[in-house]
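Once you've had a glance at the structure underneath, I'll fire off some questions.
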Amino acid sequence: MNATKYASEKYLRYLLPGSLFNSKRTKQILNANPIDDVTRKDAKDIQITVYDYNVGELKEYEFKSIEPTFPFKNNQQNTWINIDGIKKSDIEIIAQHYAIHPLIVEDILSVNQRPKMDEVDEQLYCLLNMLYFNVKDSTVEQEQVSIILGKDYVITFQEDPQRDVFNPIREKLRQSHSKLRQRGADYMCYSLLDLIVDNYFFVMEGLSEKIEQLEDEIIRNSNKRSLAKINQLRKELIVLKRNIAPVRDLIGGIVRSESELLEEGTATYFKDVHDHITQAYDLSENYRDVMLTMQDLYINNVNLKMNEVMKVMAIVTCLLAPATVIGGVFGMNFDVIPTAHNEWGFYMAVGLMLLIIVGMLIMFKRRGWF
Amino acid sequence: MNATKYASEKYLRYLLPGSLFNSKRTKQILNANPIDDVTRKDAKDIQITVYDYNVGELKEYEFKSIEPTFPFKNNQQNTWINIDGIKKSDIEIIAQHYAIHPLIVEDILSVNQRPKMDEVDEQLYCLLNMLYFNVKDSTVEQEQVSIILGKDYVITFQEDPQRDVFNPIREKLRQSHSKLRQRGADYMCYSLLDLIVDNYFFVMEGLSEKIEQLEDEIIRNSNKRSLAKINQLRKELIVLKRNIAPVRDLIGGIVRSESELLEEGTATYFKDVHDHITQAYDLSENYRDVMLTMQDLYINNVNLKMNEVMKVMAIVTCLLAPATVIGGVFGMNFDVIPTAHNEWGFYMAVGLMLLIIVGMLIMFKRRGWF
Amino acid sequence: MNATKYASEKYLRYLLPGSLFNSKRTKQILNANPIDDVTRKDAKDIQITVYDYNVGELKEYEFKSIEPTFPFKNNQQNTWINIDGIKKSDIEIIAQHYAIHPLIVEDILSVNQRPKMDEVDEQLYCLLNMLYFNVKDSTVEQEQVSIILGKDYVITFQEDPQRDVFNPIREKLRQSHSKLRQRGADYMCYSLLDLIVDNYFFVMEGLSEKIEQLEDEIIRNSNKRSLAKINQLRKELIVLKRNIAPVRDLIGGIVRSESELLEEGTATYFKDVHDHITQAYDLSENYRDVMLTMQDLYINNVNLKMNEVMKVMAIVTCLLAPATVIGGVFGMNFDVIPTAHNEWGFYMAVGLMLLIIVGMLIMFKRRGWF
Amino acid sequence: MNATKYASEKYLRYLLPGSLFNSKRTKQILNANPIDDVTRKDAKDIQITVYDYNVGELKEYEFKSIEPTFPFKNNQQNTWINIDGIKKSDIEIIAQHYAIHPLIVEDILSVNQRPKMDEVDEQLYCLLNMLYFNVKDSTVEQEQVSIILGKDYVITFQEDPQRDVFNPIREKLRQSHSKLRQRGADYMCYSLLDLIVDNYFFVMEGLSEKIEQLEDEIIRNSNKRSLAKINQLRKELIVLKRNIAPVRDLIGGIVRSESELLEEGTATYFKDVHDHITQAYDLSENYRDVMLTMQDLYINNVNLKMNEVMKVMAIVTCLLAPATVIGGVFGMNFDVIPTAHNEWGFYMAVGLMLLIIVGMLIMFKRRGWF
Amino acid sequence: MNATKYASEKYLRYLLPGSLFNSKRTKQILNANPIDDVTRKDAKDIQITVYDYNVGELKEYEFKSIEPTFPFKNNQQNTWINIDGIKKSDIEIIAQHYAIHPLIVEDILSVNQRPKMDEVDEQLYCLLNMLYFNVKDSTVEQEQVSIILGKDYVITFQEDPQRDVFNPIREKLRQSHSKLRQRGADYMCYSLLDLIVDNYFFVMEGLSEKIEQLEDEIIRNSNKRSLAKINQLRKELIVLKRNIAPVRDLIGGIVRSESELLEEGTATYFKDVHDHITQAYDLSENYRDVMLTMQDLYINNVNLKMNEVMKVMAIVTCLLAPATVIGGVFGMNFDVIPTAHNEWGFYMAVGLMLLIIVGMLIMFKRRGWF
């Protein structure tokens, strides 16, 4: 039994390559437990960059520890503190100095948290995920980003020190005529959110590339992996939508909030991000529709192929069965078989067979079977 | 292997013609990235037409550059400036003169933007798409149109200088007794929106023509292309709905807005456009329903044909199998075969065969297989 | 090829009678363009009836032209002017006298308009469709009705002079003790809406009759037309829902409106119509559910029949195949065939065949194939 | 043809017993016309019970006519008048005395009305259906109940004098320490609604019993009736949901209403009924989900059985076809057949047959077909 | 017949093991009657633990009866009374002392109640279910928990004295520096709700583990139990969602309520629980999606296997049928058979057979059947 099972498994693995049906990915997607604080491992080292700026000047600093960031709190300048890599002890130190609410500290340290926005104690807190599209695995990867907007300062926390997506912001900061320099910390917060949301479109671009390829593949040859790939992309769409929908609420919340941290002129900008995230949401709905259309197409192709196979089989069977019977009839070992001794008997029998075949062919043609 | 694959592909291409399964169209539909500002290419040349009017007189101008449009800003007359073809530098020049917010400039220059409405700095901004139905490809094409309503002036931006859909407006302008001449810039804005929304119905008319043709085709002969065509139309419906739903919100927003740019009497007109776009939305839902009904019909037809093929095959197999066995039995080379030497043996055997066939026919008839 | 295609078409037409798959009906349903004002043809002649009434007396007039209706505008009596047949010129004349807004005139003249309600310039305007069920074609037919409620007068516009559905109202008017006589024009407006909504239930009654017949047919014999009929009814349900849903909004709008045209006591009556239309809406949802249930039933029946055919075929094939082989084995022309010269050889071979058949029968029985 | 059709019908009736596919039940469910007042037949006789009570004493009366109920209107005591059996003339008499609005009278006399709640002229009117589960037919039966709450009195109207579901209320009334006696008429109204809503759970209990039985049946043996039964229960679920959803709105309306008829302390009780009906609504959603799960299960079982039949047939066909060919080859009547005169020829041929069969068996096993 | 049925049942039981299709579980899930107060059996013995605390000190008590809990009502300390095991008489005693509303008492005693929240008489009442995941049966088990928050005290009621999930709370209580000790009774209420909601994630973790296993199994070998297992998990998801959705409303209700029992600073904490339960809700939606994806995958795998079986059968049939006919033709017993006496006749016939087979193989290859 065991050997058979093994063989069958091997066969099925060939039929549906395991790498496509990544059940571990399923678990990753489903097992989003935000409270299990054991899962968060401290980053090995953290990188802190501080940008202290006003219209006139910009000072850049790079630190390896938390303490040097303390003086920027009340220095009358706009300050952006970016912390790359999350270490529980350090977060707690900075939280104490900048008076960050314990619940927000918990959120910063959490894993797999749902995007959310909170306004506590004169600070506006946003938690959301930066998304990346891993072209090789066709997966949507996420990195949790926390943004705290206070009076004159913005603090950001990123999980992965390896990749830092805020470079465009840095470049704009270095240009003294840029809006970023001319406006306050709330505009910095807008810029960060805008960058993250804009990135969602690049992730979707990657997905749409894959969808196009897959559709092309299905059209050319609906093979056994097609549904596997459809299912895989459907799962990644779950990750995508899970991020977009709450971010829409988050930014909608900022737009509606009447926080004193937001200057009047910045509201228009946040409304603009809201338009973008709404479009992203609509688009993700379209992805789902196209996916379903594609699944219908795949199933139809498989069925059409199958139907054709069956039709050919039916036709061949029908055409030859009467001939078999006639052959059998005249092959019977009776003493007296009519026309058996007739010189043209054989030809008459074969002729009868051909006649039936031709007759059936005409009939099938009429019925539109070809 | 390669040759086989090639043959198979060729075969499948015959089965499902590639032009129907346009995966590039899928990418176009899905890849709506509004932020990738590289995609917008400057138009080669732009055409500017200006209509300066009041109840008494209408002056028409045609310019090739932006600057001559400047004097119309505060000239106490109603002015409609229509800019055909989008050139970044020109847009920025006019934006500066007419005090258009930078975010709106960004929107005008954007590509694939979701229809939206904004009210900034005493200007009402609408971005939406003019839709065309390409009868040849059965695709819904879109051209982005931006409308800015200011105090006494309306500025419109169109992408494609080749086709200009605002001709009916021009003709009405030339009639001094028309409402357009008698009322202010807000009525001009209404007229433009009304024209665009009314055009949606013509696009739907084109689509319904195609749907009717397709349904007719499926009824007459559900062939292999039918589902492909259904899928193709489903994708175009996505484009349609993606435009209609946000335009409904957009116009609803204008109706609810209490902008000072809108005179009281014009509200009724905007409410009327809102009724139209709502009907368009309802209708697009109906299209989807009819599409699903058609898909059910197609699948059912395919299955009915298949079932019939199988039934004929089953009947032929069942009818002739016993005869084959009897033929085999009496064809065995035993020395002693009962009735083998009987003069009527052959006829008895053949008679038995016919008897079984007739018996089965009667039974099948009873079971309603015919 | 052509002849074949023709034959195939003929065959399919037999399979799925064209009258059932009325693709023209599809176009009618989908192509609801309310702005194409060319489609409205002027009625040949119009019939105008005027009812001038108060509690004490009722005066009935019948006119062929518009002008005689002018004096009723401010005569301190309740007046109902019913115009049967729509002629553009006449509508414009009466609109001028009764100060009807140009947009409402446009709506009265429109075709395939979505039911709507508007309150402009001290007039309350309702546009909705009277529905009829055409038993012969199983189609839901609609006739556009416009109702204008002004101070002390109601004007109604009907498309088709042939059929007039307001007779019950006329009869009630003639009874001096009826509520209609005792109350104002707003109650007349309520009575008209109530009559139209009540008529929807009769249309549904007609549909439910057809659904019951169809279900009965599917149960008795799921033939090839059943799905066609289901699809046809699904399309009519689209027409039904398209009328009911906006009428619900329309009446809800009247209930919520605080128009001075509506007396306080009449609100309860409008709320009652709202309850009726809500029930109609719920009911139409149920129709859809029953329709889906019926479709599942149909498909299941078709599959069960097919499965049975396949099972019989499988059984017959399996039972007789071994016999064929045995016959073949002993029919081989070898010199030495065991038991060939044995007197009982033939019987042993045939016995073996029967043994296998019986054995298989028992096995199949065990597996529950019968 | 006719005889055949008859036979086929008979056959199908056997396949799908007519009693299961009760198309008349479908019509009953769909044909809910609340305005057709001809359908309401006057009850033969009506039974009136009056309970006149305060904390201290309870007086019970039983009448056969309406008039004796008149004095209870303003007698400073709480009064519950229960009218079993609906007779148009009597309703109108009591309506006049108790100042019931004509529209409410119409509702009381209506048939198949949607549950609704109204507050007119210092009276709160509720119309809803008492549900019963008919275990024999597995149908959900309904009886229309009208409740009028006035100042110090409650009047209830029931359709069917045979079954009276308010007995638990009567028993509580007879206990002087019960809340019913200590509180006012609004609490009586609450008690009646609570009793009716609680009864919905018993109906669901009956349904769940049937669902469990059906699931059990499908697991044990998915026979031809299973889908019929699923469809039947789906239809009853329509009846259930049609009653629960509007009753939720009805009670929600009472909770939100700020009627002076409701004392402050009673609000908590109505909120409690609202919680119950919400749970009933949720539960009815779950029923639908379980139903769909069951349908999937049924279809899967049918397919699994079918697939197995096909697999066995395929295997038998494949195994024996080569043997048939070999038999045929050596059965040909050529003069020269290799090994024909060889002593072991026959055995070699048969051996070859067996070899092929064994080889195929091994191959099939490998592919996991067993 | 009976024996057959028995065999068939036995067969089906083997096909679809009964333990998987637990129809009793279905009944448990569906039959959630909250009003049937007979179902609640009194617990044999109850365990009462009382924690009387402020920042400075904590006193723990353990009682077996209700009366000793009375003095804690107004003792100016925060008190948590936890009652494990529900006995009707005891609940009524404590309700009287602590002035709990009779309706809340009814809810505490109810079974299968929908999670709800009420604010009556200066008490905030929450009823919800603690969920456990039974790994062995893959079922979601629930235990009803009632929480009453009063001025300075919290009373909790649990059904099952065996398992007590509040241990983490106890441990935090014992630490004098914990927030629990520093804050009031409202924070205790928050902590309890937070603990329960956090537990939902552990239940989901268990479910996701099962889903991953199942997906793995379906990928490796889509056997007959897979759909059964999918259906089973779908049912457990019903239980999960039935608990999460109303708890979200419940906590949302607390967040929105402006109860005086909640201190201002605690609102942020309740908002945090609300975020968690919202994420749990989103996640449960994702579970459903993944489940549907898995079902599609399963069905596709079953179909692919089936299609392959059919294809092999079709190919074998087609390849060998012509050979059978040729064998039959030359096996006919005519006197004159062409080439019969030819020395190479046999080889020519066999060669023809092989030729046809090879020709067909090439044709099938071209059509992509391999």
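Lettered A, B, C, D and E in written order, each chain numbered from 1.
We take it that a contact is a pair of C-beta atoms (placed from the backbone, for glycine too) under 8 Å apart; a residue touches a chain by one contact, two chains touch by 3 or more.
Keep in mind the model is a prediction, meaning the values are calculated, not measured.
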Is the contact between chain B and chain C built from the same residue numbers on each copy (over half shared) or from different ones (under half shared)? different
Between chain A and chain D, two copies of one chain sequence, what rotation angle (nearest 5 degrees) aligns their Cα atoms? 145
Chain B-chain E separation of Cα centroids, rounded to whole Å: 41
Could you state the distance in Å from the CA-based centre of chain C to that of chain D? 26
Which parts of chain D, given as residue numbers and ranges, touch two or more other chains? 8, 12, 221, 310, 313, 317, 321, 324, 327-328, 331-333, 337, 367-368
Listed in rising order, chain B residues that touch chain A in their complex are 5, 8-9, 12-13, 15-16, 18, 21, 23-24, 26-27, 29-36, 101-103, 106, 113-114, 116, 118, 120, 221, 224, 227-228, 231, 234-235, 238, 242, 245-246, 295, 299, 302, 305-306, 308-310, 312-313, 316-317, 320-321, 323-324, 326-328, 330-333, 337, 339-346, 349-350, 353
Going by the contact rule at the top, pick out the chain B residues touching chain C in the complex. 198, 201-202, 204-205, 207-209, 211-212, 215-216, 219-221, 268-269, 271-272, 275-276, 278-279, 282-283, 286-287, 289-290, 293, 296-297, 300-301, 303-304, 307, 310-311, 313-314, 317-318, 321-322, 324-325, 327-329, 331-338, 367-369
